[in-house]
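Next up: the structures, one after another.
Next, two complexes with chain A in common: one pairs it with chain B, the other with chain C.
For the complex of A and B:
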């Protein structure tokens, strides 16, 4: 199947290259035959790449170690679930996934747009196929997932232990969906600039894709953070790692774009800004992939030895230069006729929100690329850590949350003083009351308190919006509250879905603020029976645990958690050791401690706080035993290995060495996950298509709307 | 096995090239001219949405009844203009046909 897969991959590259020509010719000559052929190239490309994906997945399922990719990222003992997803743990496989998703989303974009805006769609198709051709060039020439291993390995290396986590199975496809969906607005923005049609049409064609990209990125980032908290064993969910930041940058500019697009739709202004945001978000999406693949910046996620840095850099620079040149070329067409009527209006708040979001993106980009900047200027690579990021991002985040509460309270165009008093009174009162309660409760950390206060303001503002809207709907329909609210949301999904997102983001940031500012952390070394205190909690190392599983040795601890003398929970953190499969002469037992180890965190989470424990056993006292067995039984076979492991586990249970523990009590961590999920729910509400009316009813409704408008016009 | 793979690839190649090239072989020379109409429809929808939004702002207490009346008249006039332009474009298109 390797030859068949390779031939299909080459066919995909040829299809992409031909498709670029066909789409461009179709758009330039304004003839549908070439445009249709170009579009069909995209559909066919998706089909051919689906065949390649099936070939690679089948090799993983069959454990066909004549595929180099399978031998290096799977093994016969890897569970089927992880075999199916092991492909994107590799550089080659994830690039294939990227281009497959790109062609999938591009096909959807072509299907929904080609009738309404054929010329724009054709140019956009040319751009999307150019992106696909670049990635297909990489997977054909530099990072093929279909490389032959001759002779085939008897056994594979297995999946990297850290990636054996359900969140890691969905996290990469989610992020890549977010990245690839962000290229659709980029392609249509370029198409709009090429054709000179910079009105709201390209926005209308891509709005849902921009929102889908935002949704996928939000969910992907959330899954990554959850994995970090529960699997990485360092005690945090966000480390300002370059690869984390790479996903956050397009999220920030994409969020800005989702707001400013509305201003162009309603007021016909911000054309240059919107087209620039769509371009920069798409470029940041490619840049995010570049950061993971290039090895340019050190990261726990990055594939450091990659050779793809130079081609990626050339491509990103070319994309940026082309985009910039197009914006400059069309600067006259991008001039907006309308101006802001008032600074006290929703569009003014959206502009301010955009400034803050882009400011955040700039700060994060500066911190992320600082190692490169410092090396270029001083010759010495220096990096900035989490305190630097926190210093600048926290104040901006507070302003952002505040704006997400102010925006929904203001009307479009202009607000009168009376209206301002009416709509701001209750949310401000709630915020003031929250501030008072926090001060009385003696809450420290002014930044955290400020965030809680503005979050309370947002909750009150959004609650008021729902209440007033629901009340008006009840009055007009006479329905019960739940039905009225349901009708209100379903008829105005973008508005009320957006409000839910605001609540979700406020909840998330409250969780971040509380869990960062009021976190208690202790690193202690304990023997069984010893205790340590963290915050209000007392943790007792009760006894060790040791378990031998297939391909995993788990050494851990039973930890009792007490608060004011009462048993709260019993946690069982552990450290998992996985054998290395390559013969490096580590020995029968030694090979279990020569590879990667993972942490299984002991976690008790509720709405108020997380109690988090991780353990790292001190294996020094076992070194003699391990070396002794490896020396005495150098030729021990697979049948002997479980016996040695059982002996080691038994000794760990009977004569436990001291173990290093990290103990954390962090408030409101669950709010981070709940807030993220609420934001995702809001995004779904906003993106969900409105109920389609039957054609005759729709025509009738349009006629009625036209009649009403006409009557008012006459009046 | 190699022969089977070759045959399978030839089938994929044949199907793909046949389907992709079909529109060029049966060339239809009608021009791509929907864009103008689609842009006008987008404009019309945006104007009608603005009327709805103003109503929601009134319900939400963000606009007084007087402010809403004035704004609503302005927005409906804009929507009417958008509808007139769209109608004109549509009738022009029908006449050309």
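For the complex of A and C:
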């Protein structure tokens, strides 16, 4: 199977290389046969890579430890669900997933566009196949997922315990889908520049892919944050780490692009800007993949000892240089005759929103790459921390939310003063009322208050737009409110789906602001019976818990949570200890504490606040017992080991040592997840294909027929 | 002509504002940054009162005494080690041999980790290191 898989990988590389030539020849010579061959190469490539994926997945399912990848990331005891997804926890497997998704989305793009825009499709195919060839070069030559382990291991290392979480299973494919989908607009933008067709044709072909990329990135980033909050024992969901930022950068420029594309479609302006945004978003997507593998920046998410940095750097630089050269070459064709009619118009707000989004992206990129910048300028590598990022991103986020409320209220081209008064009165009143209530309630942080006020403004503005649209639809159709609103959304999914996204992002940022500004954190050491106060809550360590499972020893605590003396909930945080496979040198019990350890967070979440607890037992008092057993029974057999573990667990229950607790009370954290899900829902509404309307002629004929029937009836 | 002048004036104002913002961004990033160093560089040039981002691998033999975690950080490729006293959240993947980043400051001759600044390599990224050994 290994040899077959390798042959398929090699075939895939050859197919990609041939496909690039075929597509380019088809585009240059305008011979349909070459163009068709090039396109079919993409479909064939996807099919071949699907076979490779099946080969690797089958090896995981069979626990075939002659595959080095399987031996290092799975084991016979790994649950089937995690066996199937363990592939992308490795560098080699994740690269294979990347290129497989790339060819899958490229095939969809080719299928959709080859009839509508044949002159662009061939060049776009050549670009996509070049990307695929680069990644296939890496998986064939430098990071093959099909390496032989000889002799095969008797047992595998297993999947890293922290990754055994549903969010972590979906997070990488989502992010990679976001990255690879972002390369479709990049490819079509390059095709538009090469062919000189810089009108809205390339936008129409790629708008849905850009939106799908945004959706996948949003969901992927959200899943990563959720995993961090509910699984990791540090009590946060975002750390401004370079690799986290790398996913946020294409999200920001992609969001900017989704808005500015509308301006070009409606007004024919911003051609250079749009093409540049599509290019930079695609490049940032590749850069995100590169950062994880380069070793260029210190990141908790970067692969250690990677050898892929140099080829990636060369590729990203070449991609950037080519894109820049093409934009400069086509600068005359990209000139837009139309200008903004007024600064009080929807397109002007879109331009401002783009400035803020790109500004955010620049700030984050500066902070992310600051170690390299400072090294180049001063010779010393320095980095900036979360407070520096917060200083700039928070005000920009507030402006962004405000613009997402103003935009829907303004018409295209210009607005009269009377119309402005009419549409802004209610949202401004709601915002003012919110500000007043917050001041009266004594809300502290000015930045958080500002964000709550602008979020209220956005909610009122979007609510008003739905209400106005629904009322007009009711008047024209005479239907009930729910039907009228449903009809309103289905007739203009892009617009009303976008408004739902605005509400979702405002909710998400309200959650972020509240949970950051008003979070109470305490680190305490407690013994059973002791209490600690966090914010308005009192937590009592009631008793220890200990559980021996086949693959895990769990030592934890029962914690009572009270507020104003009343029992709110009982939480059970614990710490799971996973053994190392090789007991030699570690001892029978020692091996359980030499492996990975994970926090199982005790969490109570509702719409108002999260109460979060994590525990780390102090095992120092148990050291003598563990060392003693390890000394007398260095390699206990499978029957003896559970007895020792049970004895340890019993002693933990009877003579519990002190434990270190991290206790957090954070308001509105659930709003982060709900807001994200609302934004994703809005994205789905916007991307869902609209119902095809009957052609005008047919509609006219139908109306005439109805009129005739009525007249006949009257007669 | 008037329209052209107006546009030019707008452009000058916009560029001026952008330059000012860029300068502020650059200035604050240099003043708010902490230098990233390995143990050997820290031992060579570490100064009292300044904060550094110490990066390296955790040595065997770390221990928790009360709320304080005591551990030594070793150069990735080298033998220099720095002892660190740290209080705050300890990431789950923390253990000997793992790469860590911690913001430290010298106090009374000892390197003290800034609260909650300790981070370890993301668990999905150990594989490449492991396969190297």
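Following the convention adopted for this analysis, the second predicted complex is superposed on the first by the 688 of 715 C-alpha atoms of A that agree within 3 Å, B and C clash if a C-alpha of one lies under 4 Å from a C-alpha of the other, contacts with A are read in each partner's own complex, and residues count from 1 in each chain.
In this text, contacts are C-beta pairs under 8 Å (C-beta built on N, C-alpha and C of every residue); 3 or more make two chains touch, one makes a residue touch a chain.
The structure presented is a predicted model; accordingly, all values stated were derived computationally and were not measured.
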| item | value |
| --- | --- |
| Which of chain B and chain C A:112 touches, first, second, both or neither | neither |
| Partner chain(s) touched by A:376 [first = chain B, second = chain C, both, neither] | neither |
| Partner chain in contact with A:690 - chain B first, chain C second, else both or neither | neither |
| First, second, both or neither for A:647, with chain B first and chain C second | neither |
| Contacts of A:465 with chain B and chain C, given as first, second, both or neither | first |
| First, second, both or neither for A:429, with chain B first and chain C second | neither |
| Contacting residues of chain C [partner chain A, same complex] | 25-26, 28-30, 32-37, 53, 55, 63-64, 66-67, 87-93, 95, 99, 101, 103, 116-117, 119-132 |
| Contact footprint of chain C on chain A as seen in their complex | 68, 72-73, 89-91, 157, 160-163, 168, 172, 232-235, 239, 241, 243, 292, 298-306, 363, 366-367, 370-371, 374, 380-385, 387-388, 391-392, 523, 525, 596-599, 616, 618, 620, 660, 662 |
| Chain B contact footprint on chain A (complex, rising order) | 1, 3-4, 7-8, 11, 15, 18, 26-27, 30-37, 40-41, 44, 47-48, 51, 115-120, 122, 195, 197, 199-201, 203-204, 265-266, 409-416, 418-419, 422-423, 465, 468-469, 471-473, 492, 495, 705-706, 708-710, 712-713 |
| Touching residues (chain side chain B, partner chain A) in the complex | 2, 5-6, 8-9, 12-13, 16, 19-24, 26-35, 38-39, 41-43, 45-46, 48-54, 56-57, 59-64, 67, 71-73, 76-77, 79-80, 83 |
